[in-house]
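Sending over a structure as structure tokens; questions will come in a sec.
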């Protein structure tokens, strides 16, 4: 694990020395701040629209940070040839990939802490109440969802040569799953034969990222998710994340570097 | 003989990108051995298979057949690289890191204990004369400084075997001289150096033994003195003769 | 040696030409700009803003349900008319079926699992909102206070499509009835009337505001009469929505006149109400009652069967 943490440390350093994260955080703060300054019908207690907007910006920012960071890791290692002195050290290819995954995931976790702290501050300033457990569940489920996505993008970065194409595909897939993943079984019901089997297959095979999107629950102050279900969702994310990382390791294991 | 590096019947084929050709033979039946304390020059024209051989030694490329061992360990094993230092040709390092951070990262990969780690970083930075710039991001370094960072990272684990891929390429005469001094110093410390170069004069000066590779096959191997004596010519003339160069 | 004056003169000539052209075009384009809407949203989004306006109107209803809302994939029969609009009397309620069961039974284990992560209980904000919500209690508010959360989306919807009458109606209803913001409701309705001059529905709602919140029956009567007048002047046959509004206006006027003892006027308005009412026979009974109280003999009125 020593090597894994060493690589992860480099990924975290890289993320916080680039401007992407700061730009997105400042944009989120600015847009939310501007929208928060608007008063509707002289009522300053209206908060849910602001929560929704802030969470939407957080989600978009986190997807951008996670996908773009992990998608460029391996291609830039190869393009800049930094992979050669790195793999000439006693580190296995699997350790390198796991380190990249862990680094990006932890970095996203730190980013989420910043974003959700701002969100909590905004909410508390309007609602005068802090729903710690609700926010904890929402933030951690969000983070575990990013784990699946990071694993997927890491695998993609070994399949697609250009980071931009990998990032675009990951964005499209993630957005599609978040929007219609939950309803694919209903779509399948309206079809027949092979098409139906294909859509059903897709429904069972895709990682259901939408499970982790509990924004509605915290926007509207619903009660917390029962802990066994929360735990099951976390386990689901870990299994899917591990599946993608294992796939990436298998693919990279015998790949010639020249 | 105490072989630090041993290659036997190495054959490397690539999938060819040319039309009508499925595979391309990069190295064919290479057998080579480098002993402890030797400075070994690995020569050949561009495309001879030098870098491919080095890539096999470092585990970047898998051999089609044959074996390669470092300190008696198969090169595919991660542990084979524990006592090895490698300087690639024209490599860029993580630009967002400082030299110090980069060396600390590599030192961690070698599991050098924390107390020793900082002492090693100080010592290699002193050796490559980058002490003053140690806290500057690598992106602000000149090309020569970047090459010296490369050398520093290759030496961070105090390696017993150093593999250098054209270490002086792109350096000014002073930089080349410094690299040559470092190689001779390592030789003096009893370390093994395996390096490729196109600077035949330099090779003649620092190497104990050389091998000349052409079209993936080993053409000549031996000590520099023996080869010069045997062929009655200097290393450059021998090289041209081996690769079949005819002046127009 | 070539003259250096020629390019310079050419440049000056081009400059004069450009300046003249700009001076000639500017007043014309200004006139055209003034003819068009100066609304930035209108310029940027064109007619697509109506689509967005509808989206935000529906979003307000989703907020009214604390996020428990059908998607395009679900059975929307019980959500044909937004509940917030139905409750406000701004739209005719056309909902059918059980509103708590639009999702149906889970079809598989993934769907069953999924439902633990989405709002899964039917609630209305004016009745306390999301189950388990402590916001209202913590803030020491009445449960109805939560309704304020639908307002930003309604305002956005009105800005995107100022001709969407339901938006003003719904907003005004919740503002004045549940939040006590009568001034804001009136201001919003007047903004709606500026965008839709003489609209009967807006006049009706404004009349209700004067009648119910300001107890100014005189102004309420004037507004309602104006609204009814506009509808009665419209070309027959009336659209369903106009019939619905005429029934609201005539009935409200009848009640108002009755409460002021103007029974003859009340009978007149009930006569207007009868043909647009779904239960004309019941309306006739009320007319007969009023005639009795007035001492007028009831005409040989034909008792119609209820319209279906």
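For the reader, a short list of remarks on this structure follows.
By written order: A, B and C. Residues from 1 in each chain.
Basically, a contact is a pair of C-beta atoms (placed from the backbone, for glycine too) under 8 Å apart; a residue touches a chain by one contact, two chains touch by 3 or more.
Fair warning: this is a prediction, and the values are worked out from it, not measured in the lab.
Chain centres here are C-alpha means, and the one lying farthest from chain C is B. Here the chain at the heart of the shown protein, by mean C-alpha position, is A.
Look at where the CA atoms of chain A average out and do the same for chain C: the two points lie 40 Å apart. A separation of 78 Å divides the Cα centre of chain B from that of chain C. Interface residues of chain C facing chain A in the complex, by the touch rule stated above, are 63, 66-67, 71, 73, 107-108, 110-111, 113-114, 116-119, 129-135, 138-139, 145, 148-149, 151-153, 155, 175, 179, 181, 184, 188.
Residues 38, 40-43, 45-49, 127-129, 131, 141, 180, 182-183, 185-187, 189, 203-204, 208, 210-214, 216-217, 219-226, 229, 232-233 of chain A are the ones that touch chain C when the two sit in their complex.
If you check the complex, the residues on chain A that touch chain B are 2-3, 6, 9-10, 13-14, 17-18, 80-82, 84-92, 254, 256-258. Chain B makes touch with chain A in their complex at residues 14, 51-52, 55, 58-62, 78-79, 81-82, 84, 86-88, 90-94, 96-97, 101, 105-106, 108-111, 150, 153-154, 157, 163.
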